[in-house]
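Chain IDs A, B, C, D, E and F follow the sequence of writing; residue 1 opens each chain.
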Amino acid sequence: MKSPAGGLKWQSEDTMNTHPMRLVTIVGEALARERLKRLLAEEGAQGYTLFAVEGAGAWGSRVADIEEFANIQVEVIVTAAVAERLLARLQRDFFPHFAMIAYETDVRVLRQEKF
Amino acid sequence: MDLLESIRINLASPAILFFVLGIVAALVKSDLRFPEPLYLGLTIYLLVAIGFKGGVAVSAAGIGAVWLPALAAMALGALIPLWTYPILRWVGRLPAVDAAAVGAHYGSVSAVTFIAAVNFLTELRQPFEAYASAFLAVMESPAIIVGVMLGKLAQRRQGSPFNAVMRLALHEALLGRSVFLLVGSLLVGFVCGQRGMDATAGFFVTPFQGVLALFLLEMGMVAARRLGDLRKVGIFLVVFGVVMPMIHGVLAIMLGQVAGLSPGGAMLLGVLAASASYIAAPAAMRLSLPEANPTLYLTSALTITFPFNVTLGLPLYYEVARWWFEVAK
Amino acid sequence: MDLLESIRINLASPAILFFVLGIVAALVKSDLRFPEPLYLGLTIYLLVAIGFKGGVAVSAAGIGAVWLPALAAMALGALIPLWTYPILRWVGRLPAVDAAAVGAHYGSVSAVTFIAAVNFLTELRQPFEAYASAFLAVMESPAIIVGVMLGKLAQRRQGSPFNAVMRLALHEALLGRSVFLLVGSLLVGFVCGQRGMDATAGFFVTPFQGVLALFLLEMGMVAARRLGDLRKVGIFLVVFGVVMPMIHGVLAIMLGQVAGLSPGGAMLLGVLAASASYIAAPAAMRLSLPEANPTLYLTSALTITFPFNVTLGLPLYYEVARWWFEVAK
Amino acid sequence: MKSPAGGLKWQSEDTMNTHPMRLVTIVGEALARERLKRLLAEEGAQGYTLFAVEGAGAWGSRVADIEEFANIQVEVIVTAAVAERLLARLQRDFFPHFAMIAYETDVRVLRQEKF
Amino acid sequence: MKSPAGGLKWQSEDTMNTHPMRLVTIVGEALARERLKRLLAEEGAQGYTLFAVEGAGAWGSRVADIEEFANIQVEVIVTAAVAERLLARLQRDFFPHFAMIAYETDVRVLRQEKF
Amino acid sequence: MDLLESIRINLASPAILFFVLGIVAALVKSDLRFPEPLYLGLTIYLLVAIGFKGGVAVSAAGIGAVWLPALAAMALGALIPLWTYPILRWVGRLPAVDAAAVGAHYGSVSAVTFIAAVNFLTELRQPFEAYASAFLAVMESPAIIVGVMLGKLAQRRQGSPFNAVMRLALHEALLGRSVFLLVGSLLVGFVCGQRGMDATAGFFVTPFQGVLALFLLEMGMVAARRLGDLRKVGIFLVVFGVVMPMIHGVLAIMLGQVAGLSPGGAMLLGVLAASASYIAAPAAMRLSLPEANPTLYLTSALTITFPFNVTLGLPLYYEVARWWFEVAK
């Protein structure tokens, strides 16, 4: 019996083709781009998607005009284990020095074996 | 022609007026925006054009004429962080790592300030050594490297290992976008020589001054958006950001004269010494000295020193150069 | 030279042919795209260049020669929404707020149409007052403000308070990107004068006509993408979008002659009156009269009036100006 | 007892470092940019991230070429209470006039105190 | 009784104004842009949002410089039924030929009738 | 002047040196990036400028002078996939669909290679038929269509229906961005003639060579980023990517001579035949022959043939043309 909570049925984590996975989203200084990529590779992410964004937060507003002061958002789909390691390392190695936030979302992917 | 007249001419040039227009745009909150690719395109154009022209000039003048003043320029850049450090640390009472970071910015250079100075001399029809862009190219990195070393030494007990950080700093200082484009284009221009210039002058020379004017419109907005941070940095840094450039400018003009430059060339060397980096240095500091507070160095380099230099600084250094060459004759 | 010959010359100019090519690109669904930063870069360039040149021309002619026709231009712009409103409301049976919004668009102006007209006169070697760009700069806002007032009065009972909305409208009308760039560059050009122009002509003048041609390629695609909306706006607006420009054009040409302009200058004033804004006005309407239906005003300004003006309108207004100056002599 | 539904364990809202929070996403006309920013500030969001996007919906297609007719997406992480106020005000003040959609997603953030 | 799992209350799928819906996210080659749009229209999506992104994955890294080799991300809010059809067709018609991933997220929208 | 001297001149030109600089930038992992809108802007400019100039030249020379060599160029493009297919399939042992796809790339053309060749002849002051851009415009599509047909026939049993795929391929081959811009601008230039050129030369001609240099900086980075894929494609394709261009180049030069072109024009035809498409063809293949492996055709066209052609190929084809016209006289 997968889902005792009938009201949650629509979440359908048991759909035929899709598999639960974590989407980790990181938003912060574009200058950290290469370091982030390296972190992702080290922790075993199989890919990533990167957006040029504009933003504002505790460290002030980051207009998207000068790359050196610009923002990026990185989204990466990983297993729960990798997500936890990733978030822990972000917390430890990146947050003290970079304007940055991170969060995770539950998603369901096609082709689990890719991630 | 005296100082006031020089200032009037500079302030009435398209480049500076568009810079002021950019400041106004930010202050009145106009919805004018330069998206990043546009900014990047203008930057790449300006760096490539100035580097290329410099390289052609070096090939015309011969390495023999360039190496000595270029070496002097590099040495000056590398030394500036060493004497600004104690001033910032003990007079300004900045934390050690911030003193190192700010010093790195003032030892390094601002390409746009240099280009505005070339513009200014061109408008005045004052001759100068066209190969002076070579000084620009070699002066960007040394101070960054020295500044990062200073900062790492000052906080030895902490953080990431010295060698790893220095590798990062070297990569950023030597291969960062602006250094790479300047040095690379300089080499390209050097190899091509005048023949290459003839082919491409319609792009690298004809529109150059106008592109600079448009770019300064954007720079005015960028600088003015940080005006609010002036309150955060304190009066000391404001004074520092105006006085130190004048000292460095005068020093470099004298050095330039000793190294055999013309008044125009010496003034350009002065502008380089006086200018503070707000692109390459901040990027290197964020990566190599992330403990340093970016508000301090960005505000002083971008919001104090840069506007001061392009408006009042240029005519000032020009008049100083003319006066010093009179005196020293 | 007669009307047909003028039309032929205009249609065979690079700018208009690239405009047609853009329309074709959209119709055949080519994957050609101008990403936003490119569009923005071209816009900024065109506005700055035309404003700057106008400012230099004003400084050459003196304010004395400019203020009267400029005032006439502003008055004309402000009045147009007042008489188009009843037509749109009672002949066209548009809702009140839409009548106000569409009127604002036709009182305001299209910078690109103006620039195409300058191009056209240049190709014909027909002299005109170079300071006419000043009319462009002052005619963009008044109609927007009047239109928003009309719209708000017409729906008094509803929505957000009058004053808050007018503040928004004023901000958008006076500080929106295009007005700000035009007026700002005009002032810069005015202060710099010819000396500033000499320095930057390689950027603001040399490539200008070619950049316009490239930009019209993009505008053709933008206009053609909305061709499908023609069915939605009804036959009345299609007729309105062709006939009103002709009436306004003729009216303004006569006004220009009275205000002492040359045939070329009067034709440019006619083009301004005839043109409809599709950038500044829509933006202001979306923010200040969000109840108005954008399909109506965008389609008529961008997909009917703009293509009509740049293809057939320009030669038409030109011949009218020549004829009127003959008659009125 | 946190999770009676064993199958939902992977959602791990009880991970050590992360805290449940709401991600509110708004997609619509770029012209509303400044008003949206003001709304976010008024309702107490501590930051936001903004994307230039292309889109299509009920109000027609919005190609990303002319800014005045372009689209933006704004993502903002807030508490549940702020999310509800935000959505209510979007519904009331923005939807009647702007081409716009909004939705919320459950996410888990690091450093809850930032939001 | 909607939610027997007290700890899941914060997901509030029962908030007054919002309605559960699926967000399908597709990331892959920009060249597939027109085909993807056609697919979305065929399967009944009422709109979509499209991002120009940079990315890396199994098919190598996709720097955002040459459009022909660039990446896009498409986000589309649909009903559960449409989501399933969409994912199935992506799996069948797109994945064998294009560098592409897809996943779904549970979201809560305002104005359900739009989607 | 001999081959070595030609090579020296080509390698010392700004365009090729910036290309090398781009390769270096990628190899040392500098953070230099050209964002997509900038890349797209440069592409659009180069295609429009070369097409427009070609069209003006066609209108000057008359269709009568152009149609025969243009037809020869098209035929050559369409035939190349037919004879490269067996070579790739049975000598190179590539899967059928890959053999078809690679052949399509080598029958189609690279606009940038062509533009670099025009640059090269201009620097050498070697005259050539300016209408040669018309050959560029008509040679892009035929090979793509032939290649897709070959590929589909080769895998008849599989996949999507033949007609649907051919429709897709035709749309991409005839309306893809580069073909559309080239052909469209050619038509615009043809209609405008010299008068249109006079108006826009400040944009389409003056900065052209410099823009190309900047663009090749970016292309160097793009090509070098795929250097790692060289290992994946195997030695056969590396040899193929260097030898086939030489064969096609020589063949086309002879054909050009027969068709009545000058040595410069024949060399340009040779460059077109020798070049391999890396924009239009890959896009068409991804959509119409998605089963083909992009690493194979992209690496060979972009990372082997393109660099070979712009560095050593150009001087080689030039010397061959000069020699052949001596011999055939």
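The rule we apply is simple: a residue touches a chain if its C-beta (ideal position, glycine included) is under 8 Å from a C-beta of that chain, and two chains touch if they have at least 3 such contacts.
Computed from a predicted structure; not experimentally measured.
Within the contact network of the assembly, the step distance from chain A to chain C comes to 2. Both copies, chain A and chain E, contribute mostly unmatched positions to the interface they share, with under half of the numbers common to the two.
With centres taken as mean Cα positions, chain F sits 38 Å from chain E. Rounded to whole angstrom units, the spacing between the C-alpha centres of chain C and chain E is 41. Spacing of chain B relative to chain E, judged by their CA centroids, is 47 angstrom. Shared contact sites, meaning residues of chain B that touch two or more other chains, fall at 31, 33-38, 40-41, 206-207. Within chain E, the positions touching two or more other chains are listed as 4-5, 8, 51-52, 64, 105-106. In the complex of the two chains, the chain E residues touching chain F come out as 29, 31, 35, 52, 63-70, 96-98.
Interface residues of chain C, counted against chain B in their complex, comprise 35-38, 40-41, 44-45, 48, 52, 171, 175-177, 180-181, 184-185, 187-189, 191-192, 195-196, 199-204, 206-207. Those residues of chain F lying in contact with chain B across their complex are 12-14, 17-18, 21, 24-25, 28-38, 41, 119, 122-123, 205-211, 213-214, 217. Note for the complex: chain F touches chain E at residues 33-36, 39-40, 218, 221-222, 225, 279, 282-283, 286-287, 290-291, 298. Of all the residues in chain E, the ones that touch chain A in their complex are 2-5, 8, 13-14, 20, 25, 27, 51, 53-58, 64, 71, 73, 80, 84, 87-88, 90-91, 95, 101-106.
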